[in-house]
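Chain nomenclature is as follows: A, B and C, assigned in order of appearance, with residue numbering initiated at 1 for each chain independently.
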Amino acid sequence: MVLAFELFNASVQHWLDVVGIFVFALSGALLGVRKNLDVFGMAVLAESTALGGGLFRDLVIGAVPPAAFDDLGYFLTPLVATALVFFLHPEVERINKAVGLFDAAGLGLFCVTGTTKAYEYGLGLTASVALGMATAIGGGVLRDLLAGDAPQVLRWDRDLYAVPAIVGATAVALLIQTDHLNGTTASAAAALAFLLRLAAMRYGWRAPRAWQRRTSAVGED
Amino acid sequence: MVLAFELFNASVQHWLDVVGIFVFALSGALLGVRKNLDVFGMAVLAESTALGGGLFRDLVIGAVPPAAFDDLGYFLTPLVATALVFFLHPEVERINKAVGLFDAAGLGLFCVTGTTKAYEYGLGLTASVALGMATAIGGGVLRDLLAGDAPQVLRWDRDLYAVPAIVGATAVALLIQTDHLNGTTASAAAALAFLLRLAAMRYGWRAPRAWQRRTSAVGED
Amino acid sequence: MVLAFELFNASVQHWLDVVGIFVFALSGALLGVRKNLDVFGMAVLAESTALGGGLFRDLVIGAVPPAAFDDLGYFLTPLVATALVFFLHPEVERINKAVGLFDAAGLGLFCVTGTTKAYEYGLGLTASVALGMATAIGGGVLRDLLAGDAPQVLRWDRDLYAVPAIVGATAVALLIQTDHLNGTTASAAAALAFLLRLAAMRYGWRAPRAWQRRTSAVGED
C-alpha cells in the first residue's frame, strides 16, 4: 500500500508543490511591492514565502538537501513569480485582495503536501498533521518577519488562518489512515482548506482569546 | 561509563524535558495573553517557546526527526499549557511575574538537558555548553521575535538572562568531565541556573555595555 | 579533479572562513554597541552574524554537526571580536562606516566559501550559487532581525547588497565549471564581490522597484 501511495504521489505531489510555490511566491512578491522593497527584496520575500515552510519541513524530517535546493524548478518558480509581479503587477489598490487570495491557495496546497511528505518520511499521524500545518504557515510567518510585520497568523484581529490548515492536514491524515488518499481526495482536502480560509476572510471568522482578557477587552482596546 | 550515563538519562532527561517544556509553554501562552493574541496565537507561542530551543539543538546535532516531532508528549504538553492559560489564566496584573518565574524554570532545566544531549551526540564540551545555552535561550528568542518584541536576552536594560544558562551549562560540563553527572547533580545544576536567574531578577543584576558607550550613556538615555 | 579541489581547499577554505567570521563578528558586535546592547547581546549578535549564514548552509547540505559547533575556532573567533569591540571600539561616529566595511568583507568571503562548500556536498551549480548567496546574506539578516531592524538587504533605499554576493557566487560557479578554482581565483572572486559592494555603497547603486510603484513613488514617499 505504502509503495503505491508513494509512487502515485511522485508526480501529483510535485505538481501541487509547484503550484503552491508559485501562488505563495506571488503573495510574497506582492507584499514586497506593498512594502516598497526593491526587486531583490521582492525576490527574497517570494523565495522565503514559497520555500520557507517546505524547507522547515525537510530539515525536520531529514530530507537533505531540501527540495528547495535540490529541485531547480522549485527554486526558479519564485523568480518567475517575482518577474511577473515586477512587470505586470496589478493596480496598487487591488494588491491586498490578491495577496490574500494567493496566500489562501498556497495554504491549502501546502497543508496537504506537507502532511503527506512528513508521513512518507516516517512521522506519526499527529506529528504529520503538525508539520503539515507548519509547512503551510511557515512561509507566511517568515515572510511577515522579514517584512517587519507581526506574523498575521498570530493576530487575534485577523481572520482564521491556522484552522483551515489544521482542517486540511487532518483531512489528509484521515485519508491516509483509511487508505483513501489519492490525487482526487488530496485535491479535495486542499480545496477544503482553501475554501475555509476564503470563507473566514469573507465572513470575518475569528478565534477566541483567553477568557479573562475577552471580557475586559471592551473597555481596553 | 558513557553507556551507564546514557541509560540513566533516558528517563531523567525525558522527565526534565517535559517539565521544562511545560513551564516554557506557560510563559509563551501568558505572553500571548499579554499581547492580546487569540487562542491559536497563544498555542503557537507556547509551542515555539517550549520546543524552539530543543528543535534548534536537535537540528544542529542531527537528531532527526527532532524530539519535538518524534515524541507526542513533547508536542501535546504546550497545548495543555495553552488550555490551562486560556481557561484559568491569572489576573492580568500577575502575568508579568508569572511569565518571568516560569521562564526562569525553563531556562534552568533546558541548559542542563541541552548540554547533556549535545554531549551525548558527540559534540565537544565547549560546543555542548554553547548548544546548552542556545537550547535554553532559543525558545525565548523565538517567542519574542514572533510576538514582535526585541529579544529580551539581548537588552542591556534587562536583568542577566544568558549568564545563568551559561553557568548551568558549564556546571553540567564540569560534572560530565569529572564523571559526577547523575539525576541529583543535574537537578542541582538546573536549580543553580534557576536561582541565579531569580536572584538577577530580584536584585537587578545586569551585564556591562561597551566601555565608551557606558560613559557617554548618562547624557544619552 | 574533485579530490584535488577538495584537498586544496581544506586549508584555504578554513582560513577564508575564519577571516570572514571575524569581520562579520566585528560588524555584529559594533551593531550591538550602536543598539546599546550589553556585552552578552554584543556576543550573541557577533556569533549570529558570523555563524548564522554558514549554519544555515550546513543544515541545508546536511553537514551535521555544522562547522559552527564542530570547530572550536569558529565559535571562539566571534568572542574575540566581541572583546575587541568591547574594550577598544572606535568613536561612536565612526561605527557606522566600520560596520559597513567589515560587513562588505564578510559578504565577499562568505559568498565564495558558501558556494564552494555547497558544491562539494553535491548540490548543483545553480543551487550552490543560491546557497552561497544565502551564506553571505544569512548572518546579516539574522543580525538585523535580532537587533529589531528590518533586514537591510531587503530595503530599496539601501545600496546593492545581494547583487555583489550573487556576482561573487556566480564567479565561483564559473570557475568550478571551467576547472579554474584555486586559492588565487577564489580570493579574486571574494575581492570582486567586496569591491562591488564598496562601490555600491560609495556611488549609491540601488536596485529598481516594481514598475507601477516606481512611477507613483514621487508623490508618495
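The criterion applied here is as follows: contacts are C-beta pairs under 8 Å (C-beta built on N, C-alpha and C of every residue); 3 or more make two chains touch, one makes a residue touch a chain.
Computed from a predicted structure; not experimentally measured.
Taken as a contact graph, the chains are fully connected, with every chain touching every other chain. Both chain A and chain B derive from one sequence, and where they touch, under half of the residue numbers involved are common to the two copies.
Here the C-alpha atoms of chain B line up with those of chain C after a rotation of 120°, rounded in steps of 5. Between chain A and chain B, the centres computed from C-alpha atoms are 29 Å apart.
Within chain A, contacts with two or more other chains are made by residues 59, 145.
The residues of chain B lying in touch with chain A in their complex are 32-33, 36-42, 44-45, 55, 59, 64-66, 69-70, 72, 75, 85-87, 89, 91-92, 145-148.
Interface residues of chain A, counted against chain B in their complex, comprise 59-62, 118, 121-124, 126-127, 130-131, 141, 145, 150-151, 153-156, 161-163, 206-213, 216-217, 221.
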